[in-house]
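Down below are the structures I want you to see.
Two complexes, one shared chain (chain A), two partners (chain B, chain C).
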Partner chain A sequence: MSHGGHLLFIIALLPFIGALVPGIMIRAGRNACAAFTAVPTAIAFIMLLILAPQVMRGEVITFQLEWLPQLGLSASFFLDGLGLLFACMITGVGLLITLYARFYLSGEDPMGQFYTYLLLFQGAMLGIVLSDNILLLLIFWELTSLSSFLLIGYWKHLPEGRQGAKMALTVTGAGGLAMIGGMLILGNIAGSYNLTDILQAGDQIRTSDWYLPALILILLGAFTKSAQFPFHFWLPHAMAAPTPVSAYLHSATMVKAGVFLMARMWPVLSGTDAWFYIVATTGLITMVLGALIALFKDDLKALLAFSTVSHLGLLTMLLGFGTDKAAIAAVFHIINHLTFKAALFMTAGIVDHETHTRDIKRLGGLRHLMPITFLIGTVAALSMAGIPLFNGFLSKEMMLEEASHTDWWGSHYAVPVLATIGALLSVAYSFRFISHVFLGPQREDYPHTPHDPPFGMWAAPALLTLLVIIIGVAPFLAEGIVRAAANAVTGQELKFYLKIWHGVTPALWMSGIAVLGGLVLLGLHRPLDAAWIKAPRPEAKAIFDRLMAGTVGLMRGITEATHTGAISRYLAIFSVAAVALGWAAYSGSGLSAPTRTHLPVPPVIAVGWVMLIVATISVVGMHHHRFRALILIGIIGLSISAGFAYLSAPDLALTQISVETVTILLLLLALHFLPKETPKESSMGRKLRDGIIALTAGGGVGALAYAFLLRDIDTISDYHIANSYEGGGGTNVVNVILVDFRGYDTYGEIIVLGIAGFVIYALMHALLDGPAARRLRNTDYSQDRSRDRHPLMMVVVTRVLMPIAVVVGLYIFLRGHNQPGGGFVAGLVIAIALLMQYMASGFAWTQERKKIEYHTMIGFGVVIAGLTGVGAWLAGQPFLTSAYTYVHLPPVEEFELATAMLFDLGVFLTVLGAVMLMLYSLSRIARFAGQTVNVGPMDYDPGHPYTKEEDEGAR
Partner chain B sequence: MIEYALIFAATCYGVALLLDLWRIAKGPDAADRILALDTMVINVIALLVLYGVWRGTAIYFEPAMLIAMVGFVSTVAYCRFVLRGDIIE
Partner chain C sequence: MEMIVASAIAVLTAGGVYLLLRLRTFPVILGLALLSYAVNVFLFASGRLAIDQSPILSKYGEGVYTDPLPQALVLTAIVISFGMTAVLVMIGLGAYLEAETDKIDIADSPTKEDQA
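Right after this comes the complex of A and B.
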């Protein structure tokens, strides 16, 4: 870790921490919100400036923090010339944008949200340019896609905004996916995921068989992000974003991420034919095509968007050339493009803000109304056109110079000619920007009479324009940073000087042709525009929408073909597959000889067996009559519970008994509001088919169990039994497994149980708001009923039983660690004790006497269990490691205290809360069905006799 | 001696279980079936206790107790369903 490394880490972290603030600070006003957004950005910027001299000297500042070393993922950052250039751009322009957005956003826009998104994006972007680990870089890469999605769709009420955001996310996200693949391949070849290592392994990577796949995948990521042909279409649609976003993301930073990545990987990936032909060609096409479309766009921001596409193409082409000089030109142009394009976007935003339109055909003659804006816009546009004494000229000259001696597929003219055409078109649309917006006669029909905006709004573009002129006149001022960045890109010490006059070179001629041709083209714009509008051309959005609709349709087809929603089908597929696999395993190696013999079957056990079988078969035969089927299920539950008890599984028996009772109650509650008969739906053939599948699957499982029971097989049970007391401090192996060995599973399960409780509650809530509630109110459920709603006998018995049941529950809970029992069973027992009260005296009466909300109980349960697990960390142990000790308090026998007990308490509370919440939710239906509430605990209270009339009155 | 007593008792309860099963199958109405199921629960409690006595361990006592305590809750619920439709009013 080098000197200043910690600063680097802070720089990367600052925007993320800062992102938490604007959302709150907006309550203190818009100025405060903007100011607090600027603070982290400004601090990061200053820190970068502090580190800058070191980097300019050629040092590389690094910071190392292991994250997941097993995966090769570390939170490592490094800062070299290229990183410094980009980081300064991101934070510097970020500051200007913060200022600009303060004045740009109207009072109705949620500004806190905007600044939060902006800082999130800034953090992600800084992460990309500072990451020393490509996995980390990928994370930040995805983060930029996500945060830009939020920013583009910031005006949620605009359909263009939402669609543009979706399109941008789809395209860049898909590219990001490809890039993940490419980066993983790259890391595999180099044997390390650290960029610094990868950058050293250039030769190894270029000669690898996997070079081409990695190259293509990584370029897919870079091209989608940097809007290269044919992925350029998302950028113009992303212009539905507020202008500060367009200026920041779509000219200065995010779209340059692809360029940055190509520059970053330049020493490793460039220098091959594949690189040259893919990258330079794509760049060249993008440059010319983008410029051509830009010329005919009437929307100011669309014009700038396509011009950005074109300039990104230019940068890509330069990097694609693979020569040192081209790399220098690319780095220099990145700076220049940033200054003039961000200024132009802000100018467009000002024009839009003041005139309420961005349509060039409705503008013109603004130079008198908005002189300051005119000046800023003109200087920036002249620089974009590449006119001498503005910075755009310098880098464009360097580009043309490079293009003039680049051969493409044996042709000496292809690249220079196309580059000149690109430059020519660029001149044309730049001049169009000036002349059609600002020049010409003043009009009377602006949607809103414009004037220059307040200082705060034009300050940022003015500063950028100042840079345009300074660099344009005195390019040597930018030499230091350009050299540092170019050295970092190429990985060697470069000697060069930036100057205005290079003598009469081919580039100068090409530039001259471009300017003259551009002027001619502008003059011919009206007829050309008419021809352009008539000409057929592919509409990217329509194609994209069709493509998306096709993909969605295909996926839906697949989903619907496989997921019909019929559980019988899933079960059939699952059962048949399981049986087939089991059969394959059996027929593969067969079975070993049985090592155990049959135990005798006592006659009484045979009776239980008969009960189970008869009841099961009867359920199948009688399931159309639902209530009868429920009674039969009662028999099955009873037999199974007794079976568990008999077969030495008392824990299971206790659980099964309680679960059976709760299940029956739940089913009966639901059945009240359901039809009492199931209609006959299945055909005979279907029944036969399903019957065969069911019998085979059931028989298969039975055979498997039988085979296991007859053989001695080593299982993990032996380990559990041996270590239960030693490791978990309990003699009840089942409980120790639940709260200790597999405590993590149990923790997950109680969370799921809690969620299930909440979901039932929420579903019921939604259900009772909908048409179901109306149907409930209009159905009469009260025919043929006994009039005794709350019989005295029952009330008395349940009251007496309540304390007994609670004591039993506590007893089962406390002894759980060493004897059968535990939190789960105890929770169910207490739940049943409470349910009895609900049944006896009614829902509303009991509900009034309830002190703790069941929701709270679930929450506390999960938190207590979680905290118990976390407690182990304090002792330096892994999550949920239990500890126990023996305590001796004089009147009581010596007893054990284990942390597992606390965990079990969490289980207990969650189970109790979840079960009660489920029953509570189901019981609520009745209230909606128009049921009345009783005042007394029972229908006839001997202590307080009241007449039937009173009761009716209470109803 | 206890051996014979246990066998006798267990046989009786086993037969009772079968008779309960018969009653549940035959009906004729819901009340018969609910009553038979409740009797079945009681018989199972008895069998568990007997088994505990035979094996000389108290471990079967708890399931038996729990069935005794909560078993009747389902019976009550079945009855309320038949009488009032809604088991928690």
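Right after this comes the complex of A and C.
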């Protein structure tokens, strides 16, 4: 890690941390909010300046943090010349925009939100230009799409804003998806996802078979982001955003992300015919087309938007040329375009702000009313036109020079002529901007009388125009950063000097033609405009909307055809698919010969098996009688418990039998409110179909089980058996696995169980607050009820049983580590004992005597288990490492104390709490359904004489 | 013995799947319970069958033990499947009380309802 690496990491992180600030600071007022938003940006900017000298010397600053090394994903950042240029642009313009937006946004706009979005976007952009890992870069890339969506749609009340935001997200998001594919291919070819490694693997990538797909996919991402033809249409629609956003995202930063990416990948991807023809041609078309449309746009921001499209095309074309000089020109033009275009956007924003219109046809003659704005706008627009002594001239000359000796498909003239036309149109719309807004006679009919804005609003564009002039007059001042960035783009040491005068070159002639032609076009604008309006041309938004409507329609069709709401059909499809997959797996590879012999079957087991089979078939046959089916389910559960006990799984037997009990209780409670019979509504054909599916599934699973029961496999269990006593301190290997070896799994599982309990509790509450509550109250359940709801015998027996059950539970819990038992079973046993109280003595009576809430119990359980695990950290061990010791107190047998037992206590509490909470919730419904609350444990005193009212009540 | 366990799994699965395809909530819940039995026994059986080889370490020298790992997994699976059944019962109950029917299929597609 080089010197300054940590600074780099902080720079990347700052905007995201800063994004939290505006939301808090807005309470302190708008000025405070803007000031505090500027702080993280300013710090990042200063840090960049601190690093700048190192980078200018050609050093590359890196920072690496392993994230998911298995996936090749690391949080690595690096700063070279190109990154420095962009990072400075992002933070520098970010500062200016923060200032400008403070004055631009009106009192009704939620300013805190705006600044938060702005900083999020800034962080994402910085991430793109600083990432050393392409996967990380992709994440930031998507983040810019998302945060720009928020910014474009900032004025939520405007439909244009919402539509523009949606369109921008759709187009750039789709491009981002394509780019993910391209980047993954690239990473696969290079064998690394680190940009620095990829940049070294240029030859390998260019000769790969996968070069072309990767190139096209990555370019799709870059072209959509940088609004290249035919994806240019989203950018003008994104102009519905507040002007600070347009100035920041759509001139300076986000749209340059695509250009940045092409520049970044330049050493790897450029230099091939495919690169030249795709990139240069797209850029050329975009440049000319964008400039042409810009000339005829009446909305100031639309004009600037299409001019941006055109200039982005210019940059793309330069990068497409693939020569070093073109790369230098591109880098230089990135800086120049930033300065004049951001200033122009801000000027347009000022005009809009002051006159309340952006329609050029309603403007004109503003030079007297707004002299400062006029000056700023004119300097910036002249630079955009490429007039000497302004910076736009320099890079445009370099572009024309490169274009003048570029052949396209054997033609010497195609590129120079089209480039000159592009420049000519650019001159025309730039002059139009000046003359139709500021020059001409002063008008009387402005929607609002304009005057120059306060200093704070014109300070930012003024600073930028100052840069326009400084670079225009003394280009050598920008040489250092241009050289550093161009070196980074080309990966070579370039020697060049930025000069105003190159002598009489072809480029100068082309420039001259452009300026003169532009003036002519401006003079002819009125008739040309009339012709343009009449001419038929495709409307991109209409096409896009139709495309979207078509896609949505298609998707809706598919969804409605497959998603009919018939759950039984989904389940049938699922079952058939599972069987088919199983069959495919089976037929793919043959079976090896059996290695195990059959175990003998004693008669008792055979009887149990018959019981199980008969019970299962009966459940299926009698499922219309729900109560009977439930009882039969109980038989199945008990048979399975017995099977577990016989087959050397005492823990499973204990768990199964106790779970069985609570499950049946739960279903019985639920059945109380459900219909007692299932109507016979399945047709014969349906039954046959389901029967066939069921038999196939059953046969398949059975055959699979039989097949592997007869074959041996390697198991990792020997380790568990060998280490259970030594490492875990227990002889019950199953329990040691649960609380020690696989303690983390168990921890997750008790949390799931706890959540299930809470879900049921929440559902119960939602139910009792909804329309179901009325229905419950109005339903008469009394006919199911015996008068003797809490029989004396049952009450007495359960009371006597309660302490015994608790002792049994405690015993099972304590012995769990060495003998069958443990937290799970103990929790269930105690839960059953408590449930018996509820059933026998009544809900209210038991509830009154409950000392601790079940929610609390679940919480304590999870916390105790978690803390036990954390405790291992204190001893310097990994999470959930167990420690144990043996204690010998004379009258008691020697016993063991292990931290695992504490963990098991957590399991115990959670299981108990969850089971109780579930059944408690169901009982709440019962109570709500109008069951009376009994005061005493029994309904009536048997010793009390039989009264007449009760007799009548019974009838 | 292997045949017995395999056939029990087969019958439980078949019964479970059949009930799962019924049209009312209660049989579906029962079907899911049967399927849970089948899956649990299936997982347990993946440790292969053994008699009198409980994975409780003997104090008296070397013993032969069955595979404890599937048992541990199944133990938690049993408890979790209870939690799942309970949630499902509650959802079924809620649906019945709210919608006044315990059918599991949505009778009409949403568009038809819109038209009506």
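The rule we apply is simple: the second predicted complex is superposed on the first by the 570 of 955 C-alpha atoms of A that agree within 3 Å, B and C clash if a C-alpha of one lies under 4 Å from a C-alpha of the other, contacts with A are read in each partner's own complex, and residues count from 1 in each chain.
Keep in mind that, in the parts below, contacts are C-beta pairs under 8 Å (C-beta built on N, C-alpha and C of every residue); 3 or more make two chains touch, one makes a residue touch a chain.
Note that the structure is predicted; figures quoted are calculated from it, not measured.
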- Message: If we overlay the two complexes on their shared chain A, which of chain B and chain C does A:P230 touch? Say first, second, both or neither.
- Response: neither
- Once the shared chain is lined up, is A:L835 touching chain B (first), chain C (second), both, or neither of them? first
- Message: On the A-aligned overlay, A:G365 touches which partner chain: chain B = first, chain C = second, or both, or neither?
- Response: neither
- Is A:I631 in contact with chain B, with chain C, with both, or with neither (first, second, both, neither)? first
- Task: Return first, second, both or neither, reflecting whether A:P820 touches chain B, chain C, both chains, or no partner chain.
- Result: both
- Message: Going by the contact rule set out at the top, does A:I640 touch chain B (first), chain C (second), both, or neither?
- Response: second
- Would you check which partner chain A:M794 touches, where first means chain B only, second means chain C only, and both and neither mean what they say? first
- Task: Count the residues of chain A touched by chain B and by chain C, then name the partner with the higher count.
- Result: C
- Task: For A:I716, decide between first (touching chain B), second (touching chain C), both and neither.
- Result: second
- Query: Should A:G517 be classified as contacting the first partner (chain B), the second (chain C), both, or neither?
  - Reply: neither
- State which residues of chain A lie in both footprints, the one left by chain B and the one left by chain C. 630, 644, 646, 650, 671, 820
- Item | chain A contact footprint on chain B (complex, rising order) | 10-11, 13-14, 17-18, 21, 24-25, 30, 33-34, 37, 40-41, 44, 47-48, 51, 59-60, 62-67, 69-71, 73-74, 76-78, 80-89
- chain A to chain B touching residues, read off their complex: 603-604, 607-608, 610-611, 614-615, 618, 627-628, 630-632, 634-635, 638, 641-642, 644-646, 650, 653-654, 657-658, 660-661, 664-665, 668-669, 671-672, 781-782, 785-786, 788-790, 794, 801, 804-805, 808, 812, 820-821, 829, 832, 835-836, 838-839, 842-843, 919, 923, 926, 931, 934
- Note on the structure: chain A residues touching chain C in their complex are 560, 564-569, 571-572, 575, 596, 598-601, 605-606, 609, 612-613, 616-617, 619-620, 623, 626, 629-630, 633, 636-637, 640, 643-644, 646-652, 655-656, 659, 662-663, 666-667, 670-671, 673-675, 678-679, 681-682, 690-691, 693-695, 697-699, 701-703, 705-706, 708-710, 712-713, 715-717, 720-721, 724-725, 731-734, 737-738, 742, 745-746, 749, 752-753, 756-757, 759-760, 763-764, 766-767, 770-772, 775-776, 818-820, 824, 828, 911, 914-915, 918, 921-922, 925
- Can you list the chain C residues touching chain A in their complex? 1-27, 29-30, 33-34, 37-38, 40-42, 44-59, 65-69, 71-72, 74-76, 78-80, 82-87, 89-94, 96-98, 100, 102, 104-111
